[in-house]
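Shown next, in structure tokens, is the structure this report addresses.
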Amino acid sequence: MNPREIHTLLKERFGEAVRDWTEPEVGDSSLDLDSGSLHDVCVLLRDDSALRFDFLRLVSAVDRTDRIECVYHLWSYELAHSAALRVELDRSDPRVASLSDVWPTAEWHEREAYDMMGVVFENHPHLHRILLPEDWEGYPLRKDYVAPREYNGLTNE
Amino acid sequence: MSEANVTETAPPASRRDSLRTEEMLLNMGPQHPSTHGVLRLVVRTDGEMVRESWPQIGFLHRCFEKIAESLPYAQALPYADRMDYLGSVNNGLAFCLGVEKLGAIEVSERAAHLRVIAAELNRIASHLIAFGTYALDLGAFTPFIYGFREREMAVSILEKLSGGRLLYHYPRIGGVANDLTPEIASDIRAFLVQMRKVWPEYNALLSDNQIFVKRTANVGVVTREQAIAWGFTGPCLRASGVRFDLRKDQPYSLYERFAFDVPIGEGTKGTTGDCWDRYWVRMVEILESCRIVEQALDGIPEGPVLTKVPRVLKLPKGEVYVPCENPRGELGFYIVSDGDPKALRIKSRGPSFCNLSIVNEICRDVLLADVVAILGSIDIVLGEVDR
Amino acid sequence: MGTEILKTPAPTAEELLGRAVQDPRDLTRYLYYLRNVRAEGLSVAVAPLDAAINWSRASSIWPLTFGIACCAIEMMATGAAKYDLDRFGAGAFRPTPRQADLMIVAGTVTHKMAPRVRRLYDQMPEPKFVMAMGACTIGGGPYSRLGYHVVKGIDRFLPVDVCVPGCPPRPEALIDALMYLQRKIAADRPVTDRYLRPFFSKEKRR
Amino acid sequence: MDDIILQFHTSAVAVLWPLLSKVPTWITYAVAYSVGGCVVLGWIALMAIVGTYGERRIAGFIQVRYGPNRVGPQGIFQPLADGIKLLCKEDTVPNVANRALFFVAPVLVLLGAMIPFAVLPFSERIVLTNMELALYYVLAFQAIEVIGILMAGWGPGSKWSLYGGMRLAAQMLSYEIPLGLCALVIILLSGSLNLGEIARWQAGPFLGMEHPWIFGWAVFRSPAALIAFFMFYVGGLAATKRAPFDLPEAESELVAGYHTEYAGIRFAFFFMAEYAAMYVVCAMSAILFLGGWHGPIPRPETAEGFEFMKTWSDLIQAGAPGAATFVDRCTLFVSSLWSVVSSNDGIRLIAREAIGAANVVGKSFFLYFVMIWARWTFPRIRIDQVMHLCLKVLLPIGLGCVIWAAVQVVLFPH
Amino acid sequence: MTRRPKNAFRLYCTDVWAGIYTTCVGLGVTIRYLFGKNVTMLYPEVRPEIPPTHRGLHALDESKCILCRLCATNCPVGCIAIESAGKGKTGMVTRYDVDYSQCLFCNLCAEACPTKCLRLTEAYSMIRGRREDCVLRLARPKSQSEIDEHMVKLARREAEKKAASKEAPETP
């Protein structure tokens, strides 16, 4: 099933939670969702017989200066088709439901998104920094991030 | 679990008999002979039995994604090589394919063939290191040295081709750096002959060795559902019985032209998806890669090697994700561009990052020696885990 | 020998290094003291002891298995069959810092890793040497300008003896660095002090 | 055929120096035996040097590379350089260590490795003490090394060395029983515990041949001994923590096992003890199963009843009254020695002892090589598999061999 | 207690036999290599043969350098420091340092050079004792007098050109 059919299937199932379809002229397309309904959509995507998305490929948080987006890439081994979900969160307090109970691999991806971009995933088993040390301030991949001049005694310039 | 709240759990009441036994927190710390680099594995053990383990990563976090955002595409390419330093041609290839797909840049057939040859030679070299370090983890030092002997031949070929011994910077946006000379072609054929001659010896020395089989069969079994749920990709996924290879299912760079088959784990020495299967899938993949290199070398057409790319490359607005088959699994760059010479965001999916996340799941109630065997069989590279 | 020779300070290790014989195979470079005894007025009794200890330390340097990143693969290649570090007596890679003499820091040292590297260095017994292998360890390498998490060179928290530029340096460069370190050890003075007086002599320090 | 040192002391020394006779005998015995002991200590040090050098060179050639070949001609001085460097290292003691255990452990381990050398014969007559219960003595004192390593495990207080120590305890428990059973097979067949006696039994008549060349070896005398030889050797591998059984100092799992915290000269003790223990196992297997000095090189015969010591002491007693001053007593001592040695039987006896020693040492060096060869070929066994192997495989086979040997001794002796 | 499989004893025997057989096979492989040929290249005496495409230490041909500074801008790390007397083709390079504590040998600088005067050579070994020495100074060190004399030459040529251009506009 190509992304367009998936979009129509989800549209009739969830109605306004799924934004309308925009065909990008270059690169991959994606389904825009609102953050509230993300968890239910994902459960459906995994369990529905026509979709069977059993593999969460990638969770990436993108900082578009006025908002933060979370993009989920999915793949199905049985039906060999892929899909990309996009969720927009506001920049001051990015909050979205965690998918670690739907796909266990999301656990580490979400911890990395929290570590790098500061996106908080609710009811995540243990959400804290995965790559940077525990006491590191700031989220490096935000556009307005300033690298610290010095960290526990070692200067950076 | 962060360092702070890893508390010492008191043993359950049932075991407070006279002989007070206590569980120990063991630090297979960032410097440990068998953690393949700087991975810290905090292990809660009860005697030799491991109850729980928390891998702690980030000791080699080199800010790749921040650098990739602040440099133009051509200058960010060498940093992609340094992510998985054992399969650096495949990293550069994935990065270039992403940029070329977004910028609709054409690549000549000869360049595509050269990319396939370099990528497969790099895969053989990486699998030889995986074979060597896995033997080293289980205590056999000699296969490690034999693996490096063949690897030196492959590396000297790639050095003639690209100029570097380990980080090749060979695929460029729009083609490859240098062209193939007949002398390098004959070296490649000689290497393929030697590799096929030595392969049965490796099996005699290690794969069929009863001690090795006893140490790896039925150890760290990952079922098919578990592998898919935890995001396993590459040889580890195929060892659990899922016949999925990106070079076959989502072909890129002319891979559909070459005939090769995808080995999967059948549980010959134990159950499907155990350490032995992960090791065996890698060994058979070495032979498959030899076949691919041979076919690519025979069918290489004439033509230019590097198409003209504007010095200041501006990609159109949009995003793309092109997954490639790295020796450790699916590696892809999710490139989001806003139309200016620097990317808005480049997110890299490291296969070892996902393969490593299953360690806590399967290292439960196993012996300490088995934790080492499981970690070695997953074959992680820390540059890719921490990026 | 006049006593005034003892008042003038002896040449430092760096200067002696320059004069040490370049050919690593020539055994006499360890005994170059003996050749210069007349010229530098050393007490003949002590020089051979210095030379013997230097020779044994230089001929059996046990590196620590401590690979961090890409340079670790080149270090393994140097230890493997084609370049064979064991010919120099340096092939016994010891897993524990207690039994290692040389710490080859091979790979990028990040802020999260730096305290561990420092602790490993402190755990090594005294005649220990540090080799900074690869551009990342010398001055931050490719990550020096934009890497916020990378320490810009390990000489900020470790005394470095040998720097090996390269990204990653070839195994031949690593063997050259080991021979440079051997020459540097040969110029060391374990038993005599700056004024070439043996430590164990009862004479008061001036 | 009593000890060479005892004979030498009673006959030659006491007679020549009358003032010595005033000194209580145990002092002179002590001096004589300590001289013998130093010779054997030199041999142990030589074993350590040959061990380290041989291991790194053979490992090199197995791995298609050269071992150390730049330190001295062909790398001969490499062990010397390692030794001096370890001597001059800083002596680090972790502050959480239990200092008493930390200091005693290496000494006990080296002691445990050196004790069997007292009874290990190099040839028919060249042996420090020709003890009657030699085999029992060797097997009994193996436990000292175990105590030493358990101390080394607990002493430094590091978790890794604790694991190494505990693993060794489990390994020792599981391999010592099959080792004892294999020795039992030889005791049953040869009928004595004295190593000299066992070797002579293997030279005795067998299958009608008066002097069986190498077919007199225990290995050919009965299939039980053949199987026992392989099990004794495998048990020996486990005893010296080598090859597939090097669990207590498993590099890839326990960083460096029990000697994680030891540096400098203390680590050199463990290093030396390992190679000394290796030689003990090889020499014991050579003597018990491969016919000791009745080796591949045939030995010349000497006249019946010719005793080197006895003839020499008779000569000295004959000339003793005439020699008054110290000088001509020495000349008498040397001249009588020269006359005995240059006599026809003397030369044949010395040749016989030398070739005997060559046989014993040659065979144990071959087994030494096999140990090194096995180490660089096999991966490491897990601790529960070691116990499975020793208790569920070696033990039943060992019992079978003992029963077979007993039946063989009863049905057709020799 | 787990029930013992029916053919437990047969499994036990095949296990023991497999153990013995594979150990002998493994020993066979290593003994063949023990007496085989070694592959070690005795490095200090035997120099390695390095391919021409090797990306090693830099080499600069000063005469052809036109001071366009493309190499410095194209370097991802910015480790090339150039100082010159005068600009463009007529200028003279006074300082051209490559800082090897940052360089990653990616050959982007050599490829960007229009006149191909910068090249990564086959040299690979530059061992230094301290970090400060890890900088390769490629430009020939020039004395202050030489620089001043060059500046004077430049100024004189500038003056002639201005004079020539002053006459030219009157003639047409």
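By written order: A, B, C, D and E. Residues from 1 in each chain.
Following the convention adopted for this analysis, a contact is a pair of C-beta atoms (placed from the backbone, for glycine too) under 8 Å apart; a residue touches a chain by one contact, two chains touch by 3 or more.
All figures in this text were calculated on a predicted structure; none of them were measured in a lab.
> Using the touch definition up top, find the fewest steps from chain A to chain D.
Minimum number of steps from chain A to chain D: 2.
> For the chain pairs D-E and B-C, which is connected through the larger number of C-beta pairs in contact?
Counting C-beta pairs in contact for B-C and D-E gives the edge to B-C.
> Which chain lies the greatest distance away from chain A when centres are computed from Cα atoms alone?
It is D whose centre lies farthest from that of chain A.
> Hey, which chain ends up farthest from chain B, C-alpha centres compared?
Checked the centroid distances; the maximum from chain B is D.
> List the centre-to-centre spacing of chain A and chain B in whole Å, with centres computed as mean CA coordinates.
Inter-chain centre distance comes to 24 Å.
> Nearest whole angstrom, what separates the Cα centre of chain A from the Cα centre of chain C?
50
> With chain centres taken as the means of their Cα atoms, state the distance from chain C to chain D in Å.
Their C-alpha centroids are separated by 39 Å.
> Mind pulling the residue numbers of chain C that touch at least two other chains?
Residue numbers touching two or more other chains: 24-25, 80-82, 84, 87, 95, 112, 142, 148-149, 167, 170.
> Give the residues of chain B that touch two or more other chains, as numbers and ranges in rising order.
Where chain B meets two or more other chains at a single residue, that happens at 33, 58, 61, 63, 66, 71, 78-79, 142, 145-146, 149, 152, 167, 205-206, 209, 211.
> Would you mind listing the residues of chain E that make contact with two or more other chains?
23, 26, 29-30, 33, 38-40, 42, 76, 104-105
> Once the touch criterion is applied, which pairs of chains come out as touching?
A-B, A-C, B-C, B-D, B-E, C-D, C-E, D-E
> Taking the touch rule as given, give the residues of chain E at its contact with chain C in the complex, in rising order.
Spelled out, the residues of chain E in touch with chain C are 38-44, 48, 76-78, 99-105, 124-131, 133-134.
> Inside the complex, what are the residues of chain A that reach chain B?
24-28, 30, 54-58, 60, 62-64, 71, 73, 77, 80, 84, 103-105, 107-109, 112, 116, 126, 128-134, 140-141, 145
> Spell out the residues on chain C that touch chain D in their complex, using ranges where they run on.
On the chain C side, the touching residues are 24-25, 27, 52-53, 55-57, 59-60, 80-82, 84, 86-89, 91-92, 94-96, 98-99, 101, 123, 125-127, 190.
> Within the complex, which stretch of chain C touches chain E?
Spelled out, the residues of chain C in touch with chain E are 14, 17, 24-25, 81-84, 87, 132, 135, 138-142, 144-145, 153, 155, 160-167, 169-173, 175-177, 179-180, 184.
> Which residues, counting only chain D, touch chain C once they are in their complex?
56, 60, 63-72, 75, 77-78, 80-85, 88-92, 251, 255-256, 259-264, 267
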